[in-house]
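Structures follow.
In the two assemblies presented below, chain A is common to both, partnered first by chain B and then by chain C.
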Partner chain A sequence: MTLLHTEGLSVRFRLRDAVVQAVTDLHLRVRAGELLAVVGESGCGKSVLAHALLGLLPANAEVSGHATVDGTDLLHSGEKVLARQIRGRKIGLIPQSPATALTAVRTGRTLLAETLRAHDRDPKTADRVAADAGFDPADLDRYPFQLSGGMAQRLVTALALATDPPLLIADEPTTGLDRPLVDHTLDLLRRRCDNGGAVLLITHDLAAAERVADTVAVMYASRIVEHRPATGVFTEPAHPYTAALLKALPDREFRPIPGHPPMLTALPPGCAFAPRCPRADTTCATPPTGPVACHHPLHTEVAV
Partner chain B sequence: MADRTLLRAAQLTLVAALGATLLVPVIWPLDQSAVDLAHVGLSPSPGHPGGTDDLGRDVLHRSIYGLRVSVLVGIVAALAASLLGGIVGGLAGLLGGWTDRVLMRLIDTLAALPHLLLGIFIVAMLRPSLGAVILSIGLTHWLSTARIVRSELLSLRTRPFIDAAIAGGASRRRVLTRHLLPHVLPKIALATTLMIPHAVWHETSLSFLGLGLPPHLASLGNMINDGQRSLLTGSWWASIVPGLLIIVVTLAIAALATRWRDRLDPRARAELDL
Partner chain C sequence: MTLQAHAITAGYRGRQVLSEVSLSVEPGETVGLRGPSGCGKSTLVRVLALLHEPTTGHVSLDGTPVTGARHRVPPQIRTRIGLLFQSPRAASDPRLSLTDLIAEPLRATGHPRDTIETRVAELADRTGLTPDLLARQPHAVSDGQLQRACLARALAHRPAYLLCDEATTMLDASTQAHVAAVITEEQHHHNMGVLVVSHDPALLKRWTTRVEELI
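So, the complex of A and B:
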């Protein structure tokens, strides 16, 4: 069953003297039980995607295309429908940088009880919900500034899971965590999928994606350049950018990609990776399409 | 520490002064407006610790009644100003855009005028009464609170926890009441407390100018004004006693409020700025 479906999803920000193309023509499909990892460098548009799906973009954003979750339109539903039926109910968000995502003047218990009550659930179950996310219920009466980074991470996870949403979006959930906490967080995401939930994992941590993802979408300069089952992506990357990204990993070749990603205000009409790509030629001036958006893929017969 | 002794003194002063204003009808039952022409202009003595005025009324006794009125006016006016400031600042900070621009220019304009003059203008349009004085102070003292609330909201609005709350399904109203207000309310409470002494002074000034409370009400400003006449006959105490009382009590409130602010925000270690 398809939970999340986007077609031609694009997001642009209109600035005074420029247009930022943050997300371009995104086709995504996440089924129940699937963990899709969207990977890419910082500034490629990953987080904007998460915010677009939740209707959290600032006023100067222009969104086009289609996006549905569980059959409900995400882009054309009013603020009321989003607040009452989508956010927290159908899509849960584990936000980036948990310490700043918690209201500083409220205790974990009041935050959790508020979320539960808002979704017609028993606020007394706060202890159990916290424990399920690995947060010690004894710490629920602490304020956010009294929590360590790991505890804050577990608390925002508890808040996102409190209402048991079918789709969970985790925005860089492993950033700044030590190894055991990364493992804990990834295990939790994996377990949700194994129990029939769907997870959209947004990360620049390729190792994390490799460990838990079913499918991987590699994002570069606002576009998805490779969207395939995880095993294929990590063993036989087809897009030169994916290959270069993997070679840059410390436990592989540790060789950085030459050059810099293009500015999102001035994207080329053709392949955005061409200026940094060893395989590029004149055909790359036209936009490539398909699950591997490349005119000269490293592998032509790829499982999609 | 000297700091601590001062604070303790401020606390005791405040408790004694407020206790006296509340209990004076019980512990010192004396008709505050009864004229006693047999004891006019007596200097301070054990029987009349503050002396008597040119109508034979006990100055200390009347000063306590005056303080009662002044503190009441100060508190109610400060609350009114904070309410108004909170609403205007809230609208500007939450709605932004043109609402914000228009309201902020209005505040700049009002701030450019001397607020005592503005206050006089307001009482002059109304019949002299407690309500008129409170209105006059309330309408001229909300500007700083509005600015505080607005800037606080502007910075809070873009913080990640607001997006996180919305992502969790919080409605606009819930974001406002559960995530924004708890941040802003302590600041408003603090601004209100710091404003009380200011409002008391303002009331005193208005009454001193003869524009505040009606003359038969014993307010500190009225008494200082009345005392001017006695000054010519050498009865300095008729003005000095209520004057000292107002200085001591407002300083005590200000000292405690400042201390409270420092506790809430250790970065704002400031001296008494009022």
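So, the complex of A and C:
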């Protein structure tokens, strides 16, 4: 069953003297039980995608295309529907930078109890919900400033899981965690999928994506350039960008991709990776399409 | 010739975070520091960077014990240690352009204007920041670009020691490799000692010469 479905989803930010193309023509489908990892460099539009789905974009954003979760329209539903039926109920969000996502003057316990109460659940289960997310219930009475980065991360994870939404969007949920906690968080996400939930994992951590994802969407300069089952992406990347990104990993070649990502205010008409790509030629001036958006993929026979 | 922490006990307002921790970084070497979340790695880095005064124990720089912390430490000692934080956004003044951000430590110590200009251009070139990016403020650049500016700022005084507190954790693989390459190159130039705090075993294995564990 398809839980999340987007078609031609695009997000533009209108600035005084420029237009930022943050997300361009995104076609995604996440089924119940599936964990889709969206990976890519910082500033490629990953988080904007999450915010677009939840209706959390700033006022100067222009969203076009279609997006539905569990049959409900996300882009034209209006604030009331989003607030009462979508956020926390159909889509949970583990936000990026937990330190800023937590209310500074409230303890973990009051935040968690409030969330549980708002969703007609027993606020007394706060301890168990916290423990499930790897947050020590003994620390629930601390204020956010008394938490380390890793502890704050686990608290926002607990808040997102408290309402048990069918689709969970996890925006960089493992940043700043040590290895055992990274594994714990990833296992938690994996387990949700194995129990029939769906997870959209947004991450720059390729190792994390490789560990838990069923499908991977590699994003570069606002577009998805490679969208395939996870197994092939890490062993036989088809898009030159994916290959270059994998080579930069410390346990591979630890070599940066030459050049810089393009500005989202001035994207080239053709392939945005062409200026940094060793395989680029004149055909790359026209935009490539398909599950591997490249005119010269490293592998042509890919499972989609 | 070492940056050394001797039996450091430190904490905040009565809450003790570190107890009797010692660590040393020799010139030219890259030391990894690893430990569970919340074990005091950042506090140890702050103590080593002379930003946080330990309750007992002391830091010595090339054999000379340092007393006090922050502005009580003379600039010629403070500037020998560079620091790169985890979150570049939290570590940069949102009002400054990247050029001013990089120039700040040099201006604060009264370097002449033309020296600063040359040095900023050199650092920007090495960290891969184009003139277009240098004119922008932090809100108009990505985390990776901002962290590269913060790296340029940390290297402005040619520090003898550079402390990286989870400095590449939030960066994508390519930017991480780039930041590490710039630091390694600087190390080859003037034998800088580097401390890398990280949770990533693959990164520590690839980048560092030895790894210390903090419990």
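Assume the second predicted complex is superposed on the first by the 304 of 304 C-alpha atoms of A that agree within 3 Å, B and C clash if a C-alpha of one lies under 4 Å from a C-alpha of the other, contacts with A are read in each partner's own complex, and residues count from 1 in each chain.
In the analysis below, contacts are C-beta pairs under 8 Å (C-beta built on N, C-alpha and C of every residue); 3 or more make two chains touch, one makes a residue touch a chain.
Quick caveat, the model's predicted, so the values are computed rather than measured.
*Asks:* Going by the contact rule set out at the top, does A:255 touch chain B (first), chain C (second), both, or neither?
*Replies:* Only chain C is touched by A:255; chain B is not.
*Asks:* State whether A:170 touches chain B only (first), chain C only (second), both chains, or neither.
*Replies:* After superposing on A, A:170 lies clear of both chain B and chain C.
*Asks:* Quick one: is A:40 in contact with chain B, with chain C, with both, or with neither? Answer first, second, both or neither.
*Replies:* second
*Asks:* Is A:104 touching the first partner chain B, the second partner chain C, both, or neither of them?
*Replies:* first
*Asks:* For A:179, decide between first (touching chain B), second (touching chain C), both and neither.
*Replies:* Touch partner of A:179: chain C, not chain B.
*Asks:* Just chain B (first), just chain C (second), both, or neither: which does A:219 touch?
*Replies:* It touches nothing on chain B or chain C.
*Asks:* Which partner does A:244 reach: the first (chain B), the second (chain C), both, or neither?
*Replies:* In the superposition, A:244 touches chain C alone.
*Asks:* Output check: A:129 vs chain B and chain C. Expected answer is one of first, second, both, neither. What do you get?
*Replies:* Neither partner.
*Asks:* Where on chain A do the contacts with chain B and the contacts with chain C coincide?
*Replies:* 97
*Asks:* Within the complex, which stretch of chain A touches chain C?
*Replies:* The contact residues of chain A facing chain C are 40-43, 97, 148-151, 172, 175-182, 204, 206-207, 244-246, 248-251, 254-257, 260-261.
*Asks:* For chain C, which residues are in contact with chain A within the complex?
*Replies:* Where chain C meets chain A, its residues are 34-38, 86-87, 128, 130, 142-145, 166, 169-178, 180-181, 199-203, 205-207.
*Asks:* Enumerate the contact residues on chain B facing chain A in the complex.
*Replies:* 159-161, 163-172, 174, 178-179, 182-183
*Asks:* Chain B touches which residues of chain A in the complex?
*Replies:* Contacts found on chain A: 51, 54, 56, 79, 83-84, 86-89, 91-93, 95-97, 100-106, 114-115, 118-119, 156, 159-160, 163.
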